[in-house]
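Per-chain numbering from 1; labels A, B, C and D assigned in written order.
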């Protein structure tokens, strides 16, 4: 369990990430932290959520008593339809991803490198469940955003100079939301854009394996 | 969560198509051909187009109006036998025609839509239609490499659309429409009926809305759809 | 126009060809003579007709006043549905053909060779409309049957030793119905199986470019 | 023209599956998984099976019963993380597992169904999942050759079937079912509802009857379909 303070930072990270979703976008929210973004999307902005098991137009998660046994997202959660929902087979669902119709995906990460490399599918010798749809989402979504804790449970930075774990997709990530900061992947390296309330730039730099570029302007908090 | 509204008016949709564009047109014979969008493209006048369509319709109909108006540089098709005008233009070298076996054309378009680079097939091996195509061996079998096809624009004809661009086709008017819907940068659908989002059963939609950019409601159906002896 | 006698022979050929369609088969009838076979199929035998523009389960042709503008076969004729008809897109329609679900196709021919090679799509310099779906039907249907006039309008045999026209598919044809005869393609060559009423074996042999094997048994008439 | 009747009883359908067969199973998680046909396959006991399925269900459910019963030699899948038992069998070398990116597994199955020999893709280039796959250059781009997949049997779960085998799925229970329906020599579908031919709208059928060999009406729905907290 996260401490209460940590839990609040995570909740703020998720709320902040939700603001990056623009009107008209088609968005796939990965299992874990990204799925929670859905609860922060304003109802009046037109957004189409996609899940790779074959659905476009997803509403909120449903309680057990209201769930439809045939209607889940790729994480197995019971979800609700919206007016305009469409169901499709797995080949069409991934045609949407690989064919360039997915504007954004938000994914979890084991490691993200400063050049945008993403590792989130395999820890050799310990965790090899298969890549699922992750490689296609990471390689083909127009914008790949990572939502992750800044450090792992042992306090090691998940934002690294170079990934040590097997790669999901190369140079795919453009922005990283963590409980501590918002980081952009740029040709010059990682740029610190925003930081969690109560933190200092120094604390973030210390918690990060990869070097950070710190813009001269006042740093916004989230 | 609400979904975006993609309805527009026909001239705004078609004016986007520039000279030199590659344009896919739905339809097999008459059913599913976007005759009204094609008429607007004739009015608009974009030149040097590469047209990808199963057939060339008949003389004096659909694609033939683009040919008559000198807008077509190249035609990628499976069979143009019902349009003697198109055959004449091909024979006199005024347009280039690339023929493809019908189901392979469907698969090449679908592959483009599915973000694949190509497909491997044994169809047409040893025939004139293999000319110029590379080969690869897979599990001891020689196959032809058929490259995926994509277009700048796809013009479709739907029976029913909702405002988000979910499309449903009827009967044999489906044909190439749902494949082309996946395979173009900009997808424009004319529709006989326009309904609010939520009115289509989500299990009965043939083309999911995210593939479609613009929906044009037809004010009247093209006369090309009249039932006549052919 | 065919002479009245010729027309009767053609009608008998078509009726005879219809008898080769077995209960339970999925069958594609090509444009021209093969399409007419449909009118000779008994209503009580379960047969599923396919047309490559995206339909399985086809009934009789319709008159103009009953036609549905959205319901045609691949030849452009208005057709009727039957109970159990299904519509599909062009990729699924040809998946059925190439994937091995088409039990039989009946096709027209410019030339058929004694080894089963079929030429029916191109006459260089004179007729180049494109192959349509013909190559896939000829190459992939489990059984390819040709319906053709025995000779062309100039009296030349369409049943040849070797095709001179561009090939549609190699060694694909197993049986040939003509207005004069029923011929089987066998490893030994073409075998005469049946002949049109009123003809002699000699007349058929003379009208045929390819050599014919004549079984010793009495030759049935159709 | 009437269409053939393909309804049968479950034991007659499943007893056809021999030792060593390759069997595709529909479903993504619970929805669309043919739990009842799988149970019958467990009773039947065919061994050394190669199973092709998106996932391995969860421990104690669906595919896991085949694993428990020692019937599976190889699993072709995209993600088996919800079944720790399957992961253990893989790690201890008791079953072979071939992983494939999810959409590429879908395309390989579909290619098999479409009578193609393979597809060309840039997915997974440079990752562990490209190992052992050949490459080909197309239009200057390096692609992985992904061979088509076919099976001896496909076991599907439909919401509604007619006697001819036309199938309709609901919601996210569609997933791999219509793809596998095209890709096996013998296709057996369990269905929640069986209706006479003609009762399904021909525009709303997801799997055309000619792809389906046998239809089994479910007497009761597997308890695996109960809505529970997972």
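By our rule, a contact is a pair of C-beta atoms (placed from the backbone, for glycine too) under 8 Å apart; a residue touches a chain by one contact, two chains touch by 3 or more.
Worth saying up front: this structure is predicted, and the values here are computed from it rather than measured.
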item	value
Intersection of the contact lists for chain C and chain D	B
Graph separation of chain B and chain C (steps between touching chains)	1
Comparison of A-B and A-D (more C-beta pairs in contact)	A-D
Farthest-lying chain, centroid of Cα atoms versus that of chain B	A
Between chain B and chain D, centroid-to-centroid distance (C-alpha), Å	32
For chain A paired with chain D, centre-to-centre distance based on mean C-alpha positions, whole Å	30
Distance from chain C to chain A - Cα centre to Cα centre, in angstrom	58
Rounded Å distance, chain A centre to chain B centre (Cα mean)	36
Shared interface positions of chain A, touching two or more other chains	81, 87-88, 91, 94-95, 97-98, 140
Chain D residues counted as touching two or more neighbouring chains	107, 110, 114-116, 121-122, 170-171, 174, 202-203
Every chain pair in contact, whichever chains are involved	A-B, A-D, B-C, B-D, C-D
Complex interface listing, chain B residues touching chain D	103, 107, 111, 114-122, 134, 136, 138-139, 141, 143, 145, 147-148, 168-171, 174, 201-204
Of all residues in chain A, those that touch chain D in their complex	51-55, 64, 67-74, 76, 78, 81, 87-91, 93-95, 97-98, 122, 128-133, 135-136, 139-140, 166-170
Residues of chain B touching chain C in the complex	28-32, 54, 77-82, 87, 90-91, 97, 99, 101-107, 110, 121-124, 126-129, 159, 170-179, 206, 225-230
Contact footprint of chain B on chain A as seen in their complex	23-24, 26, 38, 41, 43-50, 56-59, 81-88, 91-92, 94-102, 140
Chain C-facing residues of chain D, complex	1-5, 110, 112-116, 162-164, 166, 182-183, 185, 196-198, 200, 202-203, 205, 208-211
